[in-house]
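Residue numbering begins at 1 within each chain, and the chains themselves are lettered A, B and C in the order written.
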Amino acid sequence: MLNSENNEILTRVGPGTAMGGLFRQFWQPALLCEELPAPDCAPVRVRLMGENFVAFRDSSGKVGLLDAHCPHRLAELFFGRNEEGGLRCVYHGWKFSVTGELLDMPSEPAGSPMRCNPNIRAKAYPVHEAGGIVWAYLGPQESIPPLPQMEFMGLPAQNFYTSKCLMKCNYQQALEGSIDTAHLTFLHRSMAPMQKDVFNVGHLQEYGDADGAPRFFCEDTEYGMRISARRDGGEDTYYWRITQWLMPAAVLVPTAEGLVCRANLFIPIDDENCWWYRIRYHAGRPLSDDELAEYKGGGLDYAKLVPGTYIPEGNRANDYLMDRTLQKSGSFTGILSAQLQDLAVQESQGAIADRTKEHLGSSDTAIVKCRRRLIESAKRFATEGTIPAAVARADLYKRRAVAILLPKEMTADQAGTHPATLPSA
Amino acid sequence: MLNSENNEILTRVGPGTAMGGLFRQFWQPALLCEELPAPDCAPVRVRLMGENFVAFRDSSGKVGLLDAHCPHRLAELFFGRNEEGGLRCVYHGWKFSVTGELLDMPSEPAGSPMRCNPNIRAKAYPVHEAGGIVWAYLGPQESIPPLPQMEFMGLPAQNFYTSKCLMKCNYQQALEGSIDTAHLTFLHRSMAPMQKDVFNVGHLQEYGDADGAPRFFCEDTEYGMRISARRDGGEDTYYWRITQWLMPAAVLVPTAEGLVCRANLFIPIDDENCWWYRIRYHAGRPLSDDELAEYKGGGLDYAKLVPGTYIPEGNRANDYLMDRTLQKSGSFTGILSAQLQDLAVQESQGAIADRTKEHLGSSDTAIVKCRRRLIESAKRFATEGTIPAAVARADLYKRRAVAILLPKEMTADQAGTHPATLPSA
Amino acid sequence: MLNSENNEILTRVGPGTAMGGLFRQFWQPALLCEELPAPDCAPVRVRLMGENFVAFRDSSGKVGLLDAHCPHRLAELFFGRNEEGGLRCVYHGWKFSVTGELLDMPSEPAGSPMRCNPNIRAKAYPVHEAGGIVWAYLGPQESIPPLPQMEFMGLPAQNFYTSKCLMKCNYQQALEGSIDTAHLTFLHRSMAPMQKDVFNVGHLQEYGDADGAPRFFCEDTEYGMRISARRDGGEDTYYWRITQWLMPAAVLVPTAEGLVCRANLFIPIDDENCWWYRIRYHAGRPLSDDELAEYKGGGLDYAKLVPGTYIPEGNRANDYLMDRTLQKSGSFTGILSAQLQDLAVQESQGAIADRTKEHLGSSDTAIVKCRRRLIESAKRFATEGTIPAAVARADLYKRRAVAILLPKEMTADQAGTHPATLPSA
């Protein structure tokens, strides 16, 4: 449990908050590249950490992320004309480039000093496209850090699939669920053939289903935390799941060696909503048509989305399409997709979980450490301006999660630093 | 009228409020028995006085009422597996009995001290099924009072019908309407054959319609208040309606001797919503198929409900399906069912009526006294811990309301204590 | 830009605010006459400046505007029976005249002193029907000013058309858009034959489209402000648009001489919503069937309304039915009707625009002056009780807006006081 004060520090991310300040030091996923499919396409509204933006792709294909409202009289640039190298507000025709430069101000007379006033510009943020995501840096512009080098961000386009899904709760509930390998045995338990191996661990799945009380070994690292969870395995082996937490809110979720890898990125929309970016990738081969069909269509792994949106069809208003009969017969929850299972419990903790009421166990070791790290980092940033070292060390993000059987004599440290936890060169 | 301070005391029932404290000393209707139709059926979300609970019926048929969230990491137990004598949280498998006892904690290693920590339990509340209702006692567990003995609670199942309906306003507006027999002459006036005798008073209905200015005689009692309202009757008689207010928020509404009786129970969901439990019963015979059909189908008496819910089809958003043409021709309000007529005016007073703006008359005598009694009881409970005597006196709730013609020479006291106001032995 | 304090003064209009006090000195549009189509028709809910009312037309055809709630127990009079010269509350039958007089109190015994207590009345407000609008005066009843004499209010019914439309933003954003002739060149630019001359300026439209940087000459007047905006015109002429701001929140929008005139009235519903009354009129002839068809049906000029309501079909939830393909080909905004174009940008400024973030130019001259005038008037009213002179000078409201070509040598003052700015005698 946390006291109220620390729960507030942990969960509030708006402008001026300690955690909001910390998060703004990191590159963050702002939207999917596919939301801006072509030069001069329609602009897109973006909301991150309680602030509103507009994203657009200009005539040359460059992406811009600007404050949502025109600096003139505050009309939304979303309604603007995206053409000829910039976004033009439809109210009075002011036009801005992807870097926020004022390109035209036709409502002022020729020769007016306002037309070339360098202080009049749209506030713009650095962006970078990688891994199917438009990344944005919302922090102080005088020191822009390098883009983190997560493995999927360097792969050919056919080797990864990226989508996102709205979660109606605080980001930290999503993050805690994602580093919590213990719930695998319950929430995602496979009970019938209809539930395929959604965690992509092949023949190892039986070990996850069988042992619900993994022993946790958590190692703080510069990039975040290495979470090594040991379950009963075969005769001479343990079943290890090595999860990687990449600060501030990304998680690599274990799959078996050689199979498709997975990453989760969480970004607060505001204090009570977040985006869940969900990535599947394989360093050695393109994703297959079957894999892509399952990811895109939704079902057992991904949640089905309302067409034309990133909002799941299953949601709290319809109890995630839970089928109580199925819960009696062939599913632990009665909820079909693994993603909806996570949404169900994590949103059910409340818009912002009241952590003063918890009773944590040893299965929550990673969660306790993750909170402490985030709270301390936020406090240190707020009071001393200390920026976590990982911000400047993009290469630290080259990590992998892995689910693996290892000889019993192997230590937790040996397991957590096993070669399988590093991407192939 | 009330001043603002007293209006606040009267209407606020959340944890920590004076009235909330008073209400929690009494057994309260938590949900309908029919909402938990069988052992191991689906759990049900319950919200009472601003607090959230989950109700379930275990494998042996016993009902449990627990705090809504698992004490582990606060996932809603609503999503749980109800099986083998308890409710199991789907997040990490913790399992609880109807009394809140921890039955299983599979996410902790065998031998962990947490697994048998007696402090880890779900907060559970005493419940009792009677009269089609699951009653709950939410007060201090060291002194659980007896269940009130309202007449319908002791009858065979075929002799009563119980349902509930959502009201989107503070409970006190509902209660005040229910003890306000004066509005019978107006809001519920029968104007055409299409409006049957919804108040079940037979040939006496003409007296209710004819005299809109009843004279009120209110007697404070240990159980609440006896409200005797006298209208012009026949030549040598008065038409008396004896209403019983059973503290804190139940009302027996008068019907003629020998006809089906009625009770209303109100329970705050929160400060701006309440449940209206509505009971029809006959001590001497089963309810007929015709009667049941009308109650269940809704129409002139009960409101029609949205199928699968306890939400009325007529509501503020559609002006209670009011028909202005019908209002001109054959109905005082243009609203068909008596229950919707009540909802229309009572919800229209506002989510919480601003009683500083009222102008009360002699027809509001019972309402003034009811408020005073509740406010004084709440204050005495909050300051001195005084619990109303009725809490411990379940037998006091054996009362009846009656609509009756009595000789003119009979005093109000004689009318109010007429043998017809007591259930037959 | 404004500082926060002045932005609050400018935009808050509820009871007890400075601007709310100022606005209540003026007659205001309360509802359309057509909403009360006949004697004894259904009452209508009205909300103005954060207060709730009920309007009804009595048996003799007179309109009444009363506080929404019955003074007895606060049921909404909206549900009342409108018959026999008054509105009767359906809860207990109290009945009131259009002037608020208590006509009947049948729930009190004959002879009760309450029945003739002159202090018991419904709070009623003076109303007057003119120009298709029920005007109301919500200020102190001891000094009721004359009704303003806007030109359309004195015309035969067939010479004008009045409707209204819900705007989900603060009234001041609507008002600022309406006096802002600069945006004509952009937001309403005609780009294709499909966009007809929605501003009704005939062959002059080309000048509005061509010059987006009009020069502003604003003259404070007793009635508000005369806003003369000069654009490039022909060889020897300028294209002038003379807009009239009639305090507090009415605007006459320029059209060419001899064509249909236009007026906009804005009235706050509350701080975050307002009604836009939109009037088309011609002093010299009835409106044609074609004109009426376009106004009523909605399309290029008026917004289409959800049938049976005054809510536009295009709204923020559907991005005003914006068509991005159309925006690329034949419309500046991709939004069809001029009214929806205004709604799109003005609602996009936020429920209450944060004017601390603006960057105003010379094209905003009229807006700066309008704000200053309103803020100063509100402050003077709040501190000294000063009522603007225009309140008592109904004849000052006899003005016209005009779009006109004038010789270059004509001064701004000559343009602004051109005979075309006065209605024909």
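Note that a contact is a pair of C-beta atoms (placed from the backbone, for glycine too) under 8 Å apart; a residue touches a chain by one contact, two chains touch by 3 or more.
Chain labels with UniProt names: A, B, C = Aromatic ring-hydroxylating dioxygenase subunit alpha.
Predicted model, so just to flag it, every value in this text is computed and none were measured.
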At the place where copies subunit A and subunit C touch, is the share of residue numbers found on both sides over half (same) or under half (different)?
-> different
The angle in degrees, nearest 5, through which subunit A must rotate for its Cα atoms to match subunit B is 120
Using CA atom averages as chain centres, what separation in Å is found between subunit A and subunit C?
-> 47
Numbers and ranges of subunit B residues touching at least 2 other chains = none
Can you name the residues of subunit C that touch subunit A in the complex?
-> 176, 182-183, 185-187, 212-213, 215, 319, 322, 324, 327-328, 332-333, 335, 341, 344-346, 348-350, 353-355, 357-364, 367
So, in the complex, the side of subunit B touching subunit A is made of residues 42, 69, 71-76, 78-79, 81, 83, 89-93, 105-110, 112, 114, 120
